[in-house]
Amino acid sequence: MKYIDEFNDPELAKRLLDDIHATVTRPWAIMEVCGGQTHSIIRHGIDQLIPELVEMIHGPGCPVCVTPLELIDKALAIAARPEVIFCSFGDMLRVPGSHQDLFRIKSEGGDVRVVYSPLDALRVARDNPDRQVVFFGIGFETTAPPNAMTVYQAAQLNIPNFSMLVSHVRVPPAIEAIMSSPTCRVQAFLAAGHVCSVMGTSEYPGLVEKFSVPIVVTGFEPLDILEGIRRTVHQLEAGTAELDNAYLRAAPAAGNPAARRLLDDVFEITDRGWRGIGVIPGSGWRLSPKYRAFDAEYRFQVSDIDTEESTLCRSGEVLQGFIKPHQCAAFGTTCTPRNPLGATMVSNEGACAAYYLYRRLESTPRPDGRREVASIG
Amino acid sequence: MAESTPVLDFDGWSCPVPLRDSPTIVMGHGGGGQLSAELVQHLFVPAFGSQGDAGTADSAVFELGGARLAFSTDTFVVRPLFFPGGSIGDLAVNGTANDIAMSGAMPSHLSCGFILEEGTELSVLGRIAEDMGAAARRAGVAIVTGDTKVVDAGHGDQVYVNTAGVGLIPDGVDIRPQRAAVGDVIIVSGAIGVHGIAIMSVREGLEFGTEIRTDTACLYPLVAAMLAVTADIHVLRDPTRGGVATSLNEIASAARVGVRLTEKALPVPPEVRNACALLGLDPLYVANEGKLLAFVPREQAEAVLAAMRAHPLGEQATVIGECVDEHRAMVVATTTFGGTRVVDVPIGEQLPRIC
Amino acid sequence: MCLAVPGKVLEIWDKDGTRMAFVDFGGVVKEVCLQFVPNIEVDDYAVVHVGFALQQLDEHSALETLALFQRMGEIEMEFGDPWARAAKDSGQEVRP
Amino acid sequence: MAESTPVLDFDGWSCPVPLRDSPTIVMGHGGGGQLSAELVQHLFVPAFGSQGDAGTADSAVFELGGARLAFSTDTFVVRPLFFPGGSIGDLAVNGTANDIAMSGAMPSHLSCGFILEEGTELSVLGRIAEDMGAAARRAGVAIVTGDTKVVDAGHGDQVYVNTAGVGLIPDGVDIRPQRAAVGDVIIVSGAIGVHGIAIMSVREGLEFGTEIRTDTACLYPLVAAMLAVTADIHVLRDPTRGGVATSLNEIASAARVGVRLTEKALPVPPEVRNACALLGLDPLYVANEGKLLAFVPREQAEAVLAAMRAHPLGEQATVIGECVDEHRAMVVATTTFGGTRVVDVPIGEQLPRIC
Amino acid sequence: MKYIDEFNDPELAKRLLDDIHATVTRPWAIMEVCGGQTHSIIRHGIDQLIPELVEMIHGPGCPVCVTPLELIDKALAIAARPEVIFCSFGDMLRVPGSHQDLFRIKSEGGDVRVVYSPLDALRVARDNPDRQVVFFGIGFETTAPPNAMTVYQAAQLNIPNFSMLVSHVRVPPAIEAIMSSPTCRVQAFLAAGHVCSVMGTSEYPGLVEKFSVPIVVTGFEPLDILEGIRRTVHQLEAGTAELDNAYLRAAPAAGNPAARRLLDDVFEITDRGWRGIGVIPGSGWRLSPKYRAFDAEYRFQVSDIDTEESTLCRSGEVLQGFIKPHQCAAFGTTCTPRNPLGATMVSNEGACAAYYLYRRLESTPRPDGRREVASIG
Amino acid sequence: MCLAVPGKVLEIWDKDGTRMAFVDFGGVVKEVCLQFVPNIEVDDYAVVHVGFALQQLDEHSALETLALFQRMGEIEMEFGDPWARAAKDSGQEVRP
């Protein structure tokens, strides 16, 4: 695919790696905020290729992982209702609520459908005027405009049986929260390129300044990630803290003004709980009063939610970069992708799942008790 | 029956196998991944009293009246019923024929069992039966016995097809997953991920335009060409549900060898790669219906590869990895950039990712 | 949540007052909503996420970035074998 | 596949076969009656290119590697899954084993294919698998290969099971419907209608109390005892779906002989007779799962009957009729009062009559 | 079964047959009104055992057969509605409406269920409060009390989602209509014992007198039928015309007063169309105004019914005994139980189906053109 | 529409104010509504149609009818072989 393949060129990757290796002299801890970047790093083994001195910390960048347990429990309760067709991105289906997940709800007769786009859910609503169609609107700033547009269209086209269960989160308040933590180890950020495609970069200079932390906007292909790391370590080694944009081709400084206008119309900023972390002020979006009629939380007054998080799970610490997944005692034993205790073990972008999937070799005890470590890398 | 002493107590089940995670069947139990494997290992094998190998081979092999037979079954529930390049009818014939061929046998006789949902158009059933007949003629197998059941509307989905089949194994041939050995060269017969992407391109709500058509084919002629080079092929497998990754994991587990894949050697057509990028899928987990994986002793690999490339079904055959004495029972890929990653068994079916 | 890929706009039309397009992702064509990229035209590249174009891809910038990578390699070449150094730095054996 | 020249044109279908009555599948297409037979004859046989006999025998017979094999399949969709005396699991094993035995073969290897509806309790599947294992051990067959698919809730009904199986036919044995000949004596191995009534007694909305339990059993041991008397048994058949009436009609048609039944000779247990009276059913059309019909040359009939009665599965074996040179391809019963009536093939499944 | 088996004794049958044979000297035409009796006669070959001089004419005694086409079309339209669970006795499922039957409606997704008793339909209604449950209430006087009781209970228990599509018919007005026809050949009637179990025999003396026709109330077992025929031919040969009751064990003169009281409450007499015959005044029951809320015809105002009877079908003449089924040109060729043109070919009690099923040997051309007649009987 | 069969009342109880019973039809037991036969008791026989008892079976009358059939045979015996006569009368061969 054009503009993908070029950024997957192993020859060019070598050159970037060379530069990184040539640059790094001290240990650095860099957080990639976005789960898509975590996926790419581990999928391609990038963390094995960069200098050992550079530690990549996987941030809270998977909206599936950070969706608050209470909201998942609400989603499950709504999806179980016989009149509801519950539409969701595929990622959410295996995320455990307190007692079940959407797969289980589906297996028990709930009409749960995977959609590729929120517009598909709107189409389902038009095709099933007798049913209530609810879309689980999760995501960062990247997914917010599509979801906003879908609510906007539902209002324009007057589709009364459509609603959205909104759990949008915003990246900059999360960065602020992480940096404000007294135990924070993060020294620089790779910012998610597609978040910036929408929002632009105007929210970052303040953070750079406040915390003296370099922030480099990067894309998702291996060369993008490497270039992001390269620019970051250059700053770190030079002792500067600036906002840099390594993803200019898709993330202009102004972002997408049309999308941002719609976001301002459809959503309003709210405090939002992040699973495993807690409430971060101003870190979420909910539907603005104008669109409340399409808010599934209002339409379905679900009560009786008995939310119960695992006591073993340390995903909050994982998400904030305080520990690596395999430092959690449950990792790979009582907690596996098959039977996840925390959301970070569920989504492929979840830090724990990514570790389990691609790093099991090094860090997971074998089921038969043997610990095989191959001489790889 | 109520009288027999139960071997397992399912009501007060407390055995610590992963199965107890879910007290009910979920979609993943049919996905060909971990959940499927566990169902076989922890439920069917103890109940049926089969040997430990049950479920690891594509077909059962036994002797009857002096003949060494391969015997296999598959049920086909693919939706939609018709898709670019084929239909459930083609799959039903080729799928079982291939499972038989993966033991080195020549598939010869098939049975078919239909579960029809009332209200299904007869013309739909007619087209499927036509496709089955045509596929059987191409594959040189005969559909010799069958059964039809009709279920109430809402208790089926138009047409489900089961096929079972038998084939004769030539003397001197012993092909099974357990024979994978360190040093074996792993060959794939052609482009991977094609069938799964063809199906997804017409799946409701996911539709996309592509030239990709299913690769469904009966692989026996290719197997015959390979056996003509050497009877000593260790393992054959058609990487269907769960894709190449799942098949390799099953073989690595069965033989307790390490499988090392070279990612850049994988023959992934650009459209498959791009569709996967769009949907957040990994081509290694996407289904194939006309490809095989072969584990061949290193000394024979070159000749076998040449024979495969000389056959229309193996023109793009290529070496994708080897069996190693490391990370036994695991599959590890060397990435294009020189890193490594574990290629695990999926839990259930792959879901399109959006993040 | 950021799985977005660039594709080439093949055809643009209007559906219920919404600007839609067929976008080609290297032989894979999907219907995409263009409401957020009002100025995009046929043959332009769009960055697409969950069925929506979120940005027009700045092709000039993309090529510049790639050119930078190329140049950087050439500069590096002057400083000897990078892989050997990488192995040394990281303390692990890195195979190309 | 789209490329192949279609043998039948299903879209512009104008062939004057009865199938065109219904453009869609109705329940009767699975009832084992006329509609089922027509589906085989007018749709599957032309599509698969099978011989004219297809569908008339319980199993296919062919030679492979020098061995003469019987091969058969059945799909089991019975509701409820568990019923007095057995379960779908028992039927799935015994049903296919019996179809094989009806060619005179010893059933030895079975496959099984499950279609599971998501949400089904694993304990239900476990009990079924247990029953299958136990039935297989009793029958002396091994379940050697299998497949599991899961379908979305609302697209299945808990558990459907397909089995297929093979068995070896002894030398000199040639049992098939076409061999029925004028003068043959028709024997039934025991009480009829038992299984169907056992099922109905627990069917939702029809529930009634009765001591009747399914007769499901593997009939091969009885067949072996009969073959020990003479290899020259002409026809064997297990009168399952559609009951004795349907099986006799199929044989009468296949061999073009007349079948004459003596109604008062029919071994109908009082509870079966009474349940039928209550529901407006005819015991001749009610399913059996552990009984066989045998067409035996008159000279051998007495010895065969004696051997059957000496076997636990045939203790109540009795002669119920004969093949005659009249009303060929039809079954006619002499009523208890000396009248006659035609015993026709049912159209679909029997419905409880209330008037 | 006690009181069944005894009435199936072939030895006793011989004695009754002997008496009949000894009695009959001239040709007689006797109509058995009830389809259940038709079934029994043909099932046991009784018509082959009685003297050839005695012709049994199969009357309009199968309510499935005589249910008016328009009502069946209404039933099909109601059953096709997504909110409806349509419950019916099994017999009705194959009865062809103008274009479809209930089997087809079911195969196209209609929720059609066979019940054993109307009370089962009421239970379905209680179990499915969100659905409309409609029971197809057909039948003669025998089935009317159960159906009436079901409507009564629905009212008592206040089950608003239950309704009944009523097509009840009454035997005496049909006898009157048959006898009033100028071409009538019927010289005596076997009256249906179970109709009289409910209604008693008080409606018959008037008919006996008006038409000078013997009427003998009989049961359904072979001996009952034979005894009915025996008593009838005795009267015919003697030239008398009286009401006689050969089924006293289950049909007392007063019938069932409790059942009749309920019938008076729940139903009211109405003109009713009989399929193939036409409207017979006062020959039907419909729900009385008090129970109109449970009348499916009122609840579902089905319009657009385009009723279209086969032009070939002579079932009206068959039902009235003017012709035998095999005298219809369509019999066994274009009209078979598999593809019935008229309702009399559908139900096992339908005269045409009964003929086809049990008499095919003698009267049906073989599919291969040969006509095999066995020397039986 | 008249498929009704006699069964023996095994047990009577009340359900929602309705008199119900288990009725035995020669080893086949069904639940039956007794509302139309208020005086029927356990061990009586009921004629049952679609789940409702329509009448109490008059056992005395049943036995009388059967006795009549028996007697009639005995009377007939005096007049020679009835089957031969039947065959003659009907013009067909009637086999017993």
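Each chain gets a letter, A, B, C, D, E and F, in the order it is written, and its residues are counted from 1.
Note that in this section a residue touches a chain if its C-beta (ideal position, glycine included) is under 8 Å from a C-beta of that chain, and two chains touch if they have at least 3 such contacts.
Chain-to-protein mapping (UniProt): A, E = Hydrogenase formation protein HypD; B, D = Hydrogenase expression/formation protein HypE; C, F = HypC/HybG/HupF family hydrogenase formation chaperone.
What you see is a predicted model; the values in this text were computed from it and never measured.
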If you take the chains that touch subunit C and keep only those that also touch subunit E, what is left? B
Same or different for subunit B and subunit D, where same means more than half of the interface numbers show up on both copies? same
Dominant chain pairing [most C-beta pairs in contact]: B-D
Determine, using the mean of C-alpha atoms as each chain's centre, which chain is farthest from subunit A. F
Using the average of all C-alpha atoms in each chain as its centre, how far is it in Å between subunit A and subunit F? 77
Hey, how far is the Cα centre of subunit D from the one of subunit E, in Å? 34
Chain centre separation (subunit B, subunit F; CA means) in Å: 63
How many angstrom lie between the CA centroids of subunit A and subunit E, rounded to a whole number? 70
Indicate the residues of subunit E shared as contacts by at least two other chains. 1, 4, 35-36, 48-49, 62-64, 89, 106-108, 116, 120, 139, 143, 377
At least two other chains touched by the same residue of subunit D: list those residues. 22, 24-28, 118-119, 152, 154, 270, 273-274, 277, 280, 338, 353-355
For subunit F, what residues touch not just one other chain but two or more? 1-3, 5, 25-26, 49-50, 94-96
Run through the chains and report each pair that touches. A-B, A-C, A-D, B-C, B-D, B-E, D-E, D-F, E-F
Across the complex, what residues on subunit B touch subunit E? 118-119, 152-154
Subunit D partner contacts - residues on subunit A that touch it in the complex: 106-110
Residues of subunit C that touch subunit B when the two form their complex: 1-3, 5, 22, 25-30, 49-50, 94-96
Interface with subunit A, subunit B side, in the complex: residues 18, 21-22, 24-28, 34-35, 205-206, 258, 264, 270, 273-274, 277, 279-280, 326-328, 330, 332, 335-342, 344, 347-348, 351-355
Per the touch rule above, subunit F residues touching subunit E in the complex are 1-8, 16-18, 25-26, 33, 35-38, 45, 47, 49-52, 54-55, 57-59, 61-62, 65-66, 69-70, 72-73, 76, 79, 82-83, 85-86, 89-96
